[in-house]
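Got some structures for you, see below.
Both complexes shown next keep subunit A, but they swap its partner, so subunit B is in the first and subunit C is in the second.
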Partner chain A sequence: MHIETNNHGDVLVVKLFESRLDSYVATDFRDAMDGFISQGSERIVLDLSKVEFVDSSGLGAIVTTQKRLGRARDLVICGPCETVMRLFKLARLDKIFQIVNTEDQALTVLEV
Partner chain B sequence: MSQTRSVSSPAEAEAFRDSILRHVRYSLGREWSQLTGRELFEAVSFAVRDRIVDLMVETEARIKENAGKRVFYLSMEFLMGRSLGNNLHNLGLWDVCRDALDEMGVDIEEIAETEVDAALGNGGLGRLAACFLDSLASLGLPGYGYGINYEYGLFRQELDNGWQKEKPDSWRALGTPWQFERREEAVVVPLFGELSQMEGHDGIENSMWLGWDVIVGVPHDMPVVGYGGKSVNTLRLYSARATDEFDMSIFNEGDYVEAVKQKMESETISKVLYPPDSDDKGRELRLIQEYFFTSCAVQSIVRNYLAEHGDLANFADKIAIQLNDTHPALAVAELMRVLMDEHSVEWDEAWDITRNTLAYTNHTLLPEALERWSRELVERVLPRHLQIIEQIDAQFLAVVEQRFPGDTERKQRMAIVNHEGEQSEVRMAHLAIVGSHSVNGVAELHSELVKSDLVPDFHELWPERFNNKTNGVTQRRWLHQCNPGLRDLINEAIGPEWVTDLDRLRELEPFAEDAAFRERFLDVKLANKQRLARTIAHDVRVDVDPASLFDVQAKRIHEYKRQLLLALYAVHSYLRIVEDGVPPASPRTIIFAGKAAPGYWAAKQQIKLINSIGRVINHDPRCAGLLKVVFIPDYRVSLAEQIMPAADLSEQISTAGMEASGTGNMKFALNGALTIGTLDGANIEIREEVGDENIFIFGLLAEDIARQRADGSYNPRAIYENNAELSRVLDALSGARFSPGDPRLFHWLKETLLDRGDYFFNLADFADYIATQDRVSHEFQDTENWSRKAILNVARMGKFSSDRTISEYARDIWGLLPSRTVVGV
Partner chain C sequence: MHAPTEPSTPSVQPDASTRPPRILVVDDAPLNRKLLSAILDREECQVLEAENGERAISLARTESPDLVLLDIMMPGMDGYEVCQALQADEQTRSIPIIFLSALSETADKVRGLELGAVDYVTKPFDRGEVLARVRSQVRIQRLSESLREANRELRVQAKTLQSDLAAAADIQAALIPRARPEAKCFDMAWRYVPCTSIGGDVFNLVQLDEHRVGIYMLDVSGHGVPAAMVTVSVSQTLTPQGGVLTDPNAEGEQIRSPDEVMRLLDDEYPMERFDKYFTMFYMVLDTRSGELRYCNAAHPAPTLRRADGSLEYLSEGGTIIGMGGVMPFDEGRVTLRPGDRLFLFTDGIAEYTGDDGEYGEERLEEHLAAAPAGDVQQACDEVVDSVNEFGNGRHPNDDITIVALEYRGRSPGDPSQT
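== the complex of A and B ==
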């Protein structure tokens, strides 16, 4: 699984370079996010601009990450394509997470 | 009799022939000399389809330009039957095609006969949907059917020693030229999973729907050609597919077997019509089927609406959705979900849109046919939908409380989710009523009984929502196409305007007094009977006399429809001949046709009973020339098209108060059969139209039966003991006379009728029925008078056109007036 990260102040930006966040990569993704949180990241931007499809295990992994963080407002998702956004809405994740178009907007939401 | 035969122009026929030959070569890759009958059918169909496609594109462009309201008819069933002949007739190309094929040495009738029926339905409800589509297109209304593209239609019925055997009907095994697959318009349907509560970024607790599976619904569009060829609408049928994405992830992990299994399970959804619902797995599949096509329809309608209009503000002004029975009732929750979850519409606005868009047609008063799903099942398959349904229920019960404060019992009776009894259940009819702005029955009596007996609490709360739309049939298929002899005779007498305005048949009335016309009318009937007699000889191996009275009961086999009563009459007639030496006033051929649901024991027993009676009577030389009883197997639309024109007497003998409307009754009368019937369903309105003297009415009224049920006064055993003719019939059937190898075979009959109270009141109506049948036999002898009555039946069937029914739906429910009442003749 290909993930790249960079820090903006206390915010960790995680960019997933996979076309699919599905059952095949969901466990690795969750473990990686777990690792970031264990290492002290408390506010995260998840950049999904390279992801073309998320299945329900992928959605579950995002929810698990949020639960580990503790507060929904500390995880902001950015850049989902139309298909991924539709799946978020189907699962009603848009009612839980802030979802914005760009990384800059996400950082603004987190007041960085 | 001379039959008129119109001729096409040679240029048109030549162009059509060229088109067929082009398809033989370039669509099928064949030489003419190699061609099979099936391939020729396909080539002809492709040539017809070319014309249809142009018209379909024109129709859609016109509708878009008008930006008017569209109506969507959601139905679990569409009994379309064959399409080639219907499309040719509606396009006005039958003669052109016939002449083109004539020149090639091919008989058009033979080609049309090779088409397999699209039997995507079970009975009247599905055929009604098909008639409605024909009327919508013929009236030039933008109306679309939405349903399931079943791989197997209703089973093919075979008889094995008189027992029904069900064989798979793989109607698409060789493909169909009438469908366009629209993969690019596929929709994703979520199901299963669970709801999980979580505090959102705004601090508000919300629920998520996680862990779902998804099925992909791939639409297949079937063109529906309106008469005159000016409008071509579509019937959109969905096939279930596993998602490629879903499969791929499993393939990536190397679990090929699991991937194939999941793919097969997903695709089971559109495999078969009405899976048996006797076990949990079957019930789950049935619920998923209903949700699958409803979700596909709702998503597709919303998506297309947004593409055309941009936002959802005027959705209910532009879209009407009719729910054909409760099968698509989940549309209430699905439209709410799509509006709120996928398009961020707030609850109150979504509710207004939903209720103003949806309308519900009730089709049955039978309690067992009113769908209820266990709450546990709905929660497991559709957790988000159950959440929405329970919220709707809470809101609805608050309205009931406001109107009837403190009336807890009423709230229990009316609740959508019923928590009484062992397990909670979701009442789909209640969901449909609460979520719709209109609730209609399908005949005047039925609509009254819906209000007074079925859901009186709802009627008291919202009387303005309830209305009647008496069913109808399309005269294009059920007279113009299926009865060319009568069609031509009528055209000669009054012109062809009746094809788009059935009330014009009234102009036939004076011809009932015209002896020459009556003679020609009888000639047409005889030719139709001869044709059916050939089918019976071929399919049943019994020779019947076309001059005898063809007494027909053709419909689904169900106890309330009382095929048993006619069977009892057959035995009574037989015993009169062989024991009393009294022949019937008119020789009679009693003809049954119909399928029994595979799991319906009593109905399947009736098929065996009828065949056993037929075997004895047809082999008894004392009955030769007097009485025959036949059961024609595999009743379907194309067989009905032969049966209806050939009937003299139409049996519409349901227990009063139990048949919602019936449409077979209309088709038979339209083709000149006289009705023997109870005052039930649309029979009442048929009597009003044709007049008391032109119909044979017998039996108890619905209110008599309701009263006797309520006070427990019905005593079938007393009737049996006091009616010697009846007791002779039942005693004969209980012995070995009709079941020589197994004398106990029909013991269920007395048990049902005497020991278990004869729920369907067969014995109560027996004496009146026999007396009325005797009257029929005597009247049939008077050919002149009989034909006069038959002509008047045809002339007075104008009300029962589905064009009238659809115009009423369009005006009263959909707010969609016909742009014109007649489209090109």
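== the complex of A and C ==
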């Protein structure tokens, strides 16, 4: 799994370089996110702009990450494509997650 | 060390990699056998000797040597015939054979190799050459043996897993209705196509009281065994005795409202519990009045096709089950009239991907809208057939479930029927 991270103040920006966040990648992804949280990251921007498809396992991994962070407001998702956004909407998670178009907007939301 | 005189040792040696290699030397000339035995003895090989082809075949069967050194020119059966016989026998087929002969013509070597021999040594023997060829063949033989053993174990394990899966599939098949319900006020049919032998989709209907039925469909995230096991657990919870669909201690109304059922499940199945969530649709249908109360927890919205052909979608509800109450679950209400049809399905249909992309919600909707009146089973079959046709028979990558229900209404003069 290819993932890249950047720190902006206390916010960790995680960019996933996988076209599919599905059952093959979900466990690794969840473990990586778990690792960031265990290492002290409390606010995370998840950049999904390179992801073209998320299945139920992938969605589960994102939800787990959000729940591990504790407060829903501490996870901001940016750049989901139309297909991924459709999934968020179907699961009504668009009402729970903060979802924006760009990384800059995400950082603004988190007031960095 | 020379050939043991006691009867054969077991053909499968548990310590095959540590015991000395056992080598069968076949030559009609006693001097040659003696010479080879002397060479091999120093390598700490166990040497078995045979002076003709018949004896060689019998020893190969009973002693399972690691290697056969086989002379070609022998009275009676010659080496080629012995080689063919050993190759033809299941029990001796895997024993490697090195031909020994004064013949040094290429054609003879080729013939020997074509018959299945692994190597060739020419007389007079060079000690170093014999040992080098024997060592390398014994090493290969040992490796092949351990591979064969590993393969055997894997096959046994795969077989066990297969039969476990088949048993699990049987258990799961018991979670959905056995047969079409014999209800007078409505008709119901379905098709269920798991993507592996077991899946993460499940649906059922539960008689809640005299005239009300509960119908649910859920789709657990992921698929295969873990998802299937969650469907078993949730199905147990959703039995009439499970304590969720009804509250036997309640005064007055004991049947829980669909949104309340979702709240209880959301409590009972937090994502952290099994690392799974599920989408679900649950409805309570009053079969006498057609009144339908439902809650949709992020499940693909069931399509209600009215008798006049218009379409409605049952989308009131909330998010996926397992989020731990981050959002309220709302209840939706609609009233069925005779001739109305309700279709419940999982996302495996719209998201089914063939060579031409996704099957898609639009295609599904077109099918449901166009479905002719008549048998509801036929309506389900047509959707699944259309998915199969779209994918050119390619097996689905997610479980596919569709349930069709047609409301008939109460026939006059029978107030009690469901």
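One rule holds for everything that comes next: the second predicted complex is superposed on the first by the 112 of 112 C-alpha atoms of A that agree within 3 Å, B and C clash if a C-alpha of one lies under 4 Å from a C-alpha of the other, contacts with A are read in each partner's own complex, and residues count from 1 in each chain.
Methods note: a residue touches a chain if its C-beta (ideal position, glycine included) is under 8 Å from a C-beta of that chain, and two chains touch if they have at least 3 such contacts.
Every value quoted in this text rests on a predicted model; they were computed, and no experiment measured them.
*Asks:* Please work out whether A:Thr64 is in contact with subunit B alone, subunit C alone, both, or neither, and reply first, second, both or neither.
*Replies:* In the superposition, A:Thr64 touches subunit C alone.
*Asks:* Report for A:Ser56: first if it touches subunit B alone, second if subunit C alone, otherwise both or neither.
*Replies:* both
*Asks:* Touching A:Ser23 in the superposition: subunit B (first), subunit C (second), both, neither?
*Replies:* both
*Asks:* Let me test your reading of the model: by the given contact rule, A:Arg73 touches which partner, first (subunit B), second (subunit C), both or neither?
*Replies:* Once the two structures are laid over each other on A, A:Arg73 reaches subunit B alone.
*Asks:* Taking the superposition on A as described, I'd like to know which of subunit B and subunit C A:Arg92 touches: first, second, both or neither.
*Replies:* Both: A:Arg92 reaches subunit B and subunit C.
*Asks:* Please work out whether A:Met33 is in contact with subunit B alone, subunit C alone, both, or neither, and reply first, second, both or neither.
*Replies:* In the superposition, A:Met33 touches no partner, neither subunit B nor subunit C.
*Asks:* Going by the touch definition up top, name the partner, subunit B or subunit C, that contacts more of subunit A.
*Replies:* Subunit A has more residues touched by B than by the other partner.
*Asks:* List the residues of subunit A that touch subunit B in one complex and subunit C in the other.
*Replies:* Touching subunit B in the first complex and subunit C in the second, residues 23, 55-56, 59-60, 63, 67, 72, 90-93, 95-96 of subunit A appear in both lists.
*Asks:* Considering the complex alone, what residue numbers of subunit C touch subunit A?
*Replies:* Listed in rising order, the residues of subunit C that touch subunit A are 219, 221-223, 271-272, 275-277, 279, 298, 300, 318-320, 322-324, 326-327, 347, 398.
*Asks:* Mind listing the subunit A positions that touch subunit C in their complex?
*Replies:* Contact set of subunit A toward subunit C: 23, 55-57, 59-60, 63-64, 67, 72, 90-93, 95-96.
*Asks:* In their complex, what parts of subunit B are in touch with subunit A?
*Replies:* Within the complex, subunit B touches subunit A at residues 188, 190, 193, 196, 198-202, 206-214, 245-246, 249-250, 252-253, 341-342, 344, 384.
*Asks:* Of all residues in subunit A, which touch subunit B in the complex?
*Replies:* Per the touch definition, subunit A meets subunit B at residues 20, 22-24, 53, 55-56, 59-60, 63, 66-67, 71-73, 86, 89-98.
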